[in-house]
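Across the two complexes that follow, chain A remains constant while its partner is chain B and subsequently chain C.
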Partner chain A sequence: MGTNDLDARSYTDLLKGYIETRDERALYGAEQISKSFIKNNISPEEIVNMHIQALLEIYPELTDKIQPTMNFLLEAMMAYGLAHQEYQLLREKQLRIRSEIEVAAGMQSMLLQSEVPKMDELDIGVISVPANQMNGDYHHFVKGKDGTISIAIADIIGKGIPAALSMSMIKYAMDSFPENEMSTNTILASLNRVVERNVDPSMFITMFYAQYNPDTGKFYYSSAGHEPGFFYSDKTKSFKEFEAKGLVLGVNPDTTYMQSELDIEKGDMVILLTDGVTECRKGDVFIERDEVLEVIKTYMHLPAQDIVNHVYRYFEKIQNFQLRDDFTLIILKKVV
Partner chain B sequence: MSSQSCVTIHKEWDIVAARQMGREIAKQLGFGTVDQARITTAISELARNIYLYAGEGKVYFEVIESLDKKGITIVATDTGPGIKDLSLVMEDGYTTSGGLGAGLPGVRRLMDEFDIESETGKGTKIVTTKWVR
Partner chain C sequence: MNLKIQIEDGNSKSIVRLSGEIDVYTAPKLKDALLPLTKRQGTILEVDLELVNYMDSTGLGVFVNALKLSKENRCNLILVNLQDTVLRLFQITGLHEIMDLNSTIRGVEE
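And now, the complex of A and B:
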């Protein structure tokens, strides 16, 4: 017996049982068999047919009156059956596409992975979580031979696969620059030309680029329209927004950028982020930028990686575990 | 042995005539209730395509009876505009009727064998068969 015949047999038995007992147990059986129908791909018209066959067996004398109505019902189910089959095929197709995107996402994170440099004086925490499968945020650390570390954090305006593909281009452009020989503003100006030449005019990239020299304690930075980060001064126990102005990458090939600098002392903290952090929403209301600082303050006694993890978990929760935008947060803590 | 019957489609009620003829043949061949309904639905779909997109055409029925199997072949022909992109209309989820028609992929699923030829500006011929199980 095929599954179809098996289901038909138990359908008849269940129906008989229900007619006798009229109890909930038989109805529970109907629920179970309904699931089995779906599992075995039994279409609605076949189920109606099972019902017709069961009726013929149980009430042969009613057949003349009931059968035409059942045949009518069977015809009325035909389009449902077809739509259901189509739905299943589309579902399989969707699963295939999904797994293809997963492969692409895996490849993306392999291409774009950036190891967090280990250094005694700086404790670094990073978290970057995509809203969908592919990440449109990007961050990059490079530790130079002289001990200087460079940090890039970027956000593509636009989401999903096109954004992710553009990111790879940015990474390879940056890799081709001579290490640490350039100032943060010349790097942004060079990237701006790459983006302007190669990326669709409807797509823009914001970036914050910084270099930290552990010998001098100097922190240099430039911004191309990027969400401003924060600087925490341990001396004054206060947060300050990075003041860095610059046009987003890719608008005008002749854009120039400014470099600013800052002295970092023991206990100070640098917070870099993308707008996925500051534009978290509670329901329909955007959070205030101050709220991000409040959450960071709660955890700032912890190691940098623990701070970013806690902040992420906090915002993940207030957004019901559904990120609306890619979320990237980097915290640098000067410990020595 | 094979025999042939034919319905000309140019108004909506001709779809009903084609259904009726097809169902009668299917019943005589010994198809079960569900398969009768499937064959009839496929006929409807083919005849409606002629009515909606070609304006005029024919639906033929052929009975195939050999020693080892019996079946019905439906042939739908028209001299309408033809179909430019066959793989597109054979793709699930593609529809011009707002998703309510079974479409040609639906016909293919309802039947056992399916073949389509179409030439832009000349017309379309669909041949589809279902075997008695």
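And now, the complex of A and C:
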């Protein structure tokens, strides 16, 4: 006997039991068997058919009158049966897509991994957490042979899979640049041309690109429409926003960028972030950039990695652990 | 939050009045309403953002898309009455330099 026949048998027994006793327990049985129907993919019209068979068995004498109405009901259930089948197919498809996205997300994070360079002068802390499966934020560190480190932080606008693909494109473009021979503004101009040629028209990328030379203590930077970061001067004990202007990548192929520079001294700190940090909300209230600084100040005596972890935990908590946007925060502390 | 889109469709000029929030959830709706209007050669497309109190980068993406299309089709896209928070987004991204923004159109006295 198949599950169908088993269900049909118990359906008849339950119905019989209920007719005889009018007992709640039999109704409870019907509820249970309904779950079993769903589990075994029994369609609505099959259930009506079961009911017809059960009636034939229980009330053979009523059949003449009831049978046509039941056949009518059977037909009326047909479309529901088809809808149920479709639902099953969609469910399977969705599971398959989800697992494919998981594989893609895993590949993405593997491809885009950027190891934080170790150096005596700089203490570097990084945290990057995606709001969905795929991270639209991107950061990249490269340590050159002469000790210069390059740092890119970017936000790909246009979320999800297209954004992720576009990010890989950027990474490979960056990897193909001759090491440290280019200034930060020429790098942005080159990337702009790559992005402009390749992305869909509503997609663009904001990026802050910086190079730090430990021998001279010089920090060079350019911005392509990226959320401004902050510079903390230990001498004046004050924070300043990076003044860097420039159009986002991917909108206009002829855009040029400016490079600015800064001397970094012991105790100074560079804070780079994406708008997922400044666009956090508490309920309906947005976080002001000042509040981000206040939180950073609370933890700034700690090592860089601990600062970024604490700041992330703070904002995760006030958003009830539901990030609205990808969150990336990088802190560089000059320690020597 | 929601986004309300009201379109005043004229021959040589269309006005799109938006109110609410433009974010990842409402941006597709804005895109569907706005992009067809950018394809009308030689027309002016004015988008009134006076009642938009929040926009995220996905919303900017829609305007970037609209800008590209309107250039291709020689349609004149103008954004007016931007609130400060929305204007700031255009300024950070440098888009204010290449887009026609008018945030003070409201008052006549100058």
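Criterion: the second predicted complex is superposed on the first by the 243 of 336 C-alpha atoms of A that agree within 3 Å, B and C clash if a C-alpha of one lies under 4 Å from a C-alpha of the other, contacts with A are read in each partner's own complex, and residues count from 1 in each chain.
The criterion applied here is as follows: a contact is a pair of C-beta atoms (placed from the backbone, for glycine too) under 8 Å apart; a residue touches a chain by one contact, two chains touch by 3 or more.
If you're wondering where the values come from, they're calculated on a predicted model, not measured in any experiment.
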Item to complete: Figure out whether A:62 sits in contact with chain B (first) or chain C (second), or with both, or with neither.
Response: neither
Practice prompt. Report for A:30: first if it touches chain B alone, second if chain C alone, otherwise both or neither.
Written response: neither
Worksheet item: Looking at the overlay, does A:86 come into contact with chain B only (first), chain C only (second), both, or neither?
Response: first
Worksheet item: When the two structures are overlaid on chain A, which partner does A:107 contact: first (chain B), second (chain C), both, or neither?
Response: neither
Worksheet entry | First, second, both or neither for A:97, with chain B first and chain C second | neither
Worksheet item: Is A:157 in contact with chain B, with chain C, with both, or with neither (first, second, both, neither)?
Response: second
Discussion item. By residue count, which of the two partners contacts chain A more extensively, chain B or chain C?
Written reply: C
Discussion item. Looking at A:206, would you say it contacts chain B, chain C, both, or neither? Reply first, second, both or neither.
Written reply: second
Worksheet, complete the sentence: The residues of chain A that touch chain B in their complex are 45-46, 49, 52, 71, 74-75, 78-79, 82-83, 85-86, 89-90, 93
Discussion item. Give the list of chain A residues in touch with chain C in this complex.
Written reply: 155, 157-159, 201-204, 206, 224-228, 245-248, 251-252, 275, 279, 286, 325
Practice prompt. Please name which positions on chain B make contact with chain A in the complex.
Written response: 32-34, 37-38, 40-41, 92-93, 99-100, 102, 105-106, 109-110
Fill in: Residue numbers on chain C that touch chain A, as the complex places them
24, 31, 54, 56-58, 60-62, 64-65, 67-69, 85, 92-95, 97-98
